[in-house]
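Here come two complexes built around chain A, the first alongside chain B, the second alongside chain C.
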Partner chain A sequence: MQNMALFILRRIGYGLLVLLSLSFVVLSFIRLIPGDPVRMSLGPTASEKVVREVRSELYLDRPIPVQYFYWLRGVLRHGDFGKSLFTHRAVSKDIAEFLPRSMELAACSALLILVFGVLLGTLSALFRDTWLDNLLRFFAYLGVVTPPYAIAIFFLLLFAFYWKFFPIGGMPAFPEELRVTGMLTFDALIEGRFPLFFDSLWHLILPAVSLSLGSIAYQARIHRSSMIDNINKDYISFARVVGVRKTTLTLKHLMKPSFIPTLTIFGLQVAALLGNAFLIEVIFRYPGFSRYSLQVIMTKDPYGIVAVTMVFGIVFALVNILLDVGVAWLDPRVRLQAPE
Partner chain B sequence: MEMNEDESHQQRARPRLDRFKRQWHKFSSNPLSLMGLAVVILLILAAILAKVVAPHPDHSGLFLDFSNANQAPSLRYLAGTDEYGRDILSRMLVGLRYSLGIGLLVLALSVPLGVLLGAIAGHYRHTWVDTAIMRSTDLFMAIPPLILALVVCAMFTPGYFFAALGIATAWWPWYTRLTYSLFTSLSNELYIKYAELGGATHWHIILKETLPNAVSPIFTKMSLDMGMIIIIASSMSFVGLGVQPPKPSLGSMVAEGMKYLPEYWWISVFPAMMVVLIVLGFNLLGDGLRDVFAIEEI
Partner chain C sequence: MIKRWLLLFIVFGLVVSLVSVSSGAPRTVLRATITATPEALDPAVVIGENDWKVLVNLYDLLVYPSFENASPQPCVAERWEVAPDNKTWTFHLRRGIKFHDGSDLTAEDVKFSMDRMVTIGEGHSHLYRDRIEETRVIDPYTVVFKLKQPFGPFLVTLYRLAIVNRKLVMANLKQGRYGEYGDHARDYLLTKDAGSGPYTIDVFKIRNVVEIVKNPNYWQDIPQNAPERVVMTQLREAATTKMLMGSGEIDLAHGRQELTTLKALDAMHGVEVAAIPEMSLNFFMINTKKPPVDDVHVRKAMALATDYEGMLRIYPDTPRVYGPVPPQIFGWASDFRTYERNLEEARKELRKSKYYGKFDKHPIDVSYIQGNGDTPKLCMLLAANLAEIGLKGNIVEAPWVLFQNKAESVETSPHVTNLFCNASYPEAGSILEFKYASWTVGGWNQNEWLQDPKFDRNIKDALVTVDRKERAAKYAAIQKYVVEDLCPSIFTFVSVVKPAYRADRFSWPAGEGRPHAVAEFNFNMMYFKMLP
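Showing the complex of A and B:
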């Protein structure tokens, strides 16, 4: 247990080190390339004096290490990630507004991936080489090779335009008095606003399904092959021979070890969700962090870009740490090793 | 795929050819792999001959014919026309050329760099060189590849080359990692030990002894990655950070068609299906190669 705590601490420390270096690289990179983000943001009509003032307010007229120092000081002291040239307010405010919305979408998708990926993979493995298995594998392959934006468009055409079953995009407005976590669906639920809860859940389904379908397919493939690997192991045959009940055998002896590769892939898929959410949020006009990221990236907003890379880096690192801990818990043979 | 004893004795005269025949036999026994190969060859041919086989080659650039705008698929326009009256099929064929081209460009930029660094780090294991190289891969793998690619690409002028550069920035660490693990597992082979004892130079061991034995997993990964890279590249051109209009790219065609859903669905749907076909072909091919070489770590 002590080993585990040490491992987690080391990993967090190393993650922070990577993020610090990354933020420095990104910030320097933005400064080194030609183009003036301040001028771009204020437009050609802004006077030179105003541009100069804004530039100095953002420390863009200082040497890179000085600018980085001020930025880091702000982050460490007040959690202040600088000011966005895109929304013209503190980047931390933007994150607080948009990130929970994306987390809501990602959580929905992650749930779908875990439940359906494991369910379909298990079905496929238990009914191996039957028509059901072949059908599931066919769809799994199709799901893997179809980019998320293509899935989104096919689903939009089918379920929103043709059958008019789901809304074509957007989200219900967020009543300010509700804001607790910033996740609309969740906040509406805990405040007991059920019509709003269902409405927002309804808007969430199509984006979440489009986002997760490819990952569900991949997850099902991995879970199938991992279960089939284990079905043929000696200890399963032994358990069967000594008369362990079939449900116990499947659920306990077969499922637990089969979850090891599944969990590894699940972590990678969750991390991939964030990247893939870009186009899904654009297509469904979903007010999330990925769409915001895209906008700051396109406008070359320096502090916006650094904050975006930091947020994605933190989520990525957390997912990876959780993953290693989860795998170590499932597989007693794994010894946790952190970089020195 | 082991051969029995006598067979290997008889065939020792031309080992390379025999090995290829054996691998081809295994590859071709799986119809899906053959299908993948066929799709990839067809796509490459279509891309090379795009301007020849396209029914309306001039529609791939600046071309306006508003009287035929937004036409549904018909015999004249097999995949319909877009908002400017341009033939979607012709634009898809030329867009295919850019898609495959960007896939190759990304691999050409990232694979040599990634493999070289991985080889060096793997050869000088447990030294500061190893640490420096492998820790810097962590830096580039700390955020999702699409986001890194977008950040890098958006810093420069949007376009074909910088999109490829952006993706390559996110891609090389995977090859470094793969080559590193291959070199680590190969380093205990006897022929490497002999070469070291025989006083071979470091470069000789890296390039002549170890690398040739690490080639098949690397090639297999390249085939499997093509699909992924093309998806990322088309996602980037979807948001305008790829091939610039009026040149066609599959991603930007899908994006432009979004405005006209659901009435003129063909503008988006056919290019999207083309992306699916490309990725399908390369994935089937890559899966087939992986089975032939019996590679597990990719």
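Showing the complex of A and C:
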């Protein structure tokens, strides 16, 4: 247990170091890319005096290490990630507004990936080489090769425009008094606003399905292979011979070890969801973080870009830590020989 | 177990259906899309088309541009006069105008708005900052602007001076770089309004949605059938726009759709497309300091080789232009030599060039901005036209960031760049100064790097001329000089925005073929009529 805690602490330490280096490298790169973001933001008619003042306010007129020092000091002292030239307000406010919406979408998609990826993979493995397996494999291939935006437009046309089962994108208005986490569906649920919860969930289904379908297919493929590997192992044959019930055999002895590669891939896919959500957010008019990320990059908004990179970095670092912990939990061999 | 899940699913479906039905919009709500929400609701900061589409609803102006020709009409100012020195403008304000918080709009607010604009130095402040000597309050309903020197278009520049509520601004100051004025309430005005206009802000989510509601205490009569609420959502995605319009979930789609999308929208039942010419032209901006296009004969040859008809096929239903001024604004002139496609003439011009016989050593970069509509097609056509007369055109795509960086120096500015440029106020002087004056080089607006002393002298002279007739004559002379003698750009067509709208839901002047000369003013919602 103590070993495990040390292991986690060490991973967190590494993670922080990576994030610090990442922020410095990104801030330096932004300064090296040609183009004055302040002039871009204020336009050609703004006076040179104002442009100078804003540059100075954002420390863009200082050497890179000095600028980085002030930025880092702001982050550590006040959680201030600087001011966005794109939205003209604190980047932390942008993150607080846009990130929870994407997290909500990503969480919903992650749930779908895990449930359906594992379910379809298991079915495929258990009914290997039957018509069901072939059918599921066909859909898995289709899911992997079809880009999410194509799926999104197809689903919108079919389920929202022609059949009108779902709304054509957008999200219900977020009542300010309701804001707890910034995730509308979740906040509505914990505040007991059930009509809003259902409405929000109804709006979330199509984007979440569009975003997750490719990953579900991929996850199903991985889980199928992993299960088939394990089905052929001696301990499973032994369990069958001694008469272990099929359900117990599948759920307890087969599923758990098969989860190790599934979980590793799942973690990486979840971390990538935030980045991949851009087109889905655009198509569904979803006010999320991916759309914001692209816009700050296009406008060369220095602190916006650093914050976006940091958020993605933090998500990847966290997911990696959770993955390591998850794998260690599933596999005693990893757990027992964890850190020395 | 399965039955229980099925039951739960049916209940869930029913609840959602009920919620959807109960949230159905009444006909008093107008739903629109915009390419981007405003950057802020602060009139001293913003400058863009989307910003002003919203601001014209939230704020009042001293004078309001007429629908017909954008000439100044009384608004907050009932009347005005200019002193014989042509530098002192006195405005007499209407009494009884209330800001959205119920306080009176007075001369103090007008003075404060002008001072604030000049102090902040962003947005449209360039129209005033080197021109206003002082703003004086004579009494609560009389305000005087004293200019440093006469400025002919001063009245029409006031279309960009939105009057803010001084008390509200002062009550919302935060720490900032403006001394005793702190941040000048910039943070507050990012998402809230301090105006007295026909609508007030209700919801503003940056880069997402804007909702405005009718101001019940507006000093002018707002027709009863004007929309009670207007929801403007940021949406550029063509497929989603078509679906939303097709299903009746939006009433008005922004006017910058691609041609195929526009055709699809136009074909929908009940949907029509309005055409709104902007104070903006499409230019091929030629860098007059870079070989071989530093030679006026080469520039003229390019203008003569251009296939204007082909350009208009790429941007159909846009009026052709022959000079640097949009035809719907004051000061436009046409009595000069124009360039029509004539390859023989073009070759003759090339033969006069000092680079004749050496053009293979001087390829011409024809640059366009990434993601700027169908402008790549315009550039491809121009490159093909150049090839017809023996010039080599290289198509170059540049992201906006990179182009802006290149435009900062004459050496890195491309030979030719295609871009739309617009006037800040409806007069020739605005676009002529912005495009060609020596003090505007180094920005994206002037890839030409004209730096011509005669042009500078003439435009300065025109701008200080207060007499309209005399000023118009001076503008005409400048346009003739630019087109015939300098030929720094190839002028193609007027930018026309084409919003698709549900004609069965509402009517508006632009839809009835009466677009406002200043494009953003077409979106003053008090002139919209919701149909029963």
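As a working rule, the second predicted complex is superposed on the first by the 334 of 340 C-alpha atoms of A that agree within 3 Å, B and C clash if a C-alpha of one lies under 4 Å from a C-alpha of the other, contacts with A are read in each partner's own complex, and residues count from 1 in each chain.
To be clear about the criterion, contacts are C-beta pairs under 8 Å (C-beta built on N, C-alpha and C of every residue); 3 or more make two chains touch, one makes a residue touch a chain.
Everything quoted here is computed from the prediction, not taken from an experiment.
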Partner chain in contact with A:Ser47 - chain B first, chain C second, else both or neither: second
Touched partner set for A:Pro147, first chain B, second chain C, both or neither: first
Which superposed partner A:Tyr292 touches (first chain B, second chain C, both, neither): second
First, second, both or neither for A:Phe194, with chain B first and chain C second: second
Partner chain(s) touched by A:Phe155 [first = chain B, second = chain C, both, neither]: neither
Touching partner for A:Phe7 - first (chain B), second (chain C), both, neither: neither
Partner chain(s) touched by A:Phe259 [first = chain B, second = chain C, both, neither]: neither
Contacts on chain A seen with chain B and repeated with chain C across the two complexes: 33, 153, 156-157, 161, 282-283, 298, 300
Complex contact set, residues of chain B against chain A: 135, 138-139, 142-148, 150-151, 154-156, 227, 231, 234-235, 238-241, 254, 258, 261-262, 265, 268-269, 272-273, 275-276, 279-280, 283
Chain B partner contacts - residues on chain A that touch it in the complex: 18-19, 21-22, 25-26, 29-30, 33, 141-142, 144-147, 149-150, 153-154, 156-157, 161-162, 271-272, 274-276, 278-279, 282-283, 293-294, 297-298, 300, 305, 308-309, 312-313, 316-317, 339
Residues of chain A defined as touching chain C within the complex: 33-36, 39-40, 42-47, 49-50, 53, 57, 87-89, 94, 97, 153, 156-157, 160-161, 164, 167-170, 172-173, 194-196, 198-199, 201-202, 282-285, 287, 291-292, 295, 298-300
Residues of chain C defined as touching chain A within the complex: 12, 15-16, 18-20, 23, 39-40, 45, 47, 120-122, 124-126, 129, 177, 186-187, 190, 203, 205-209, 233-237, 239-240, 243-244, 246-247, 249, 399-402, 404-405, 408, 424, 434, 440, 442-445
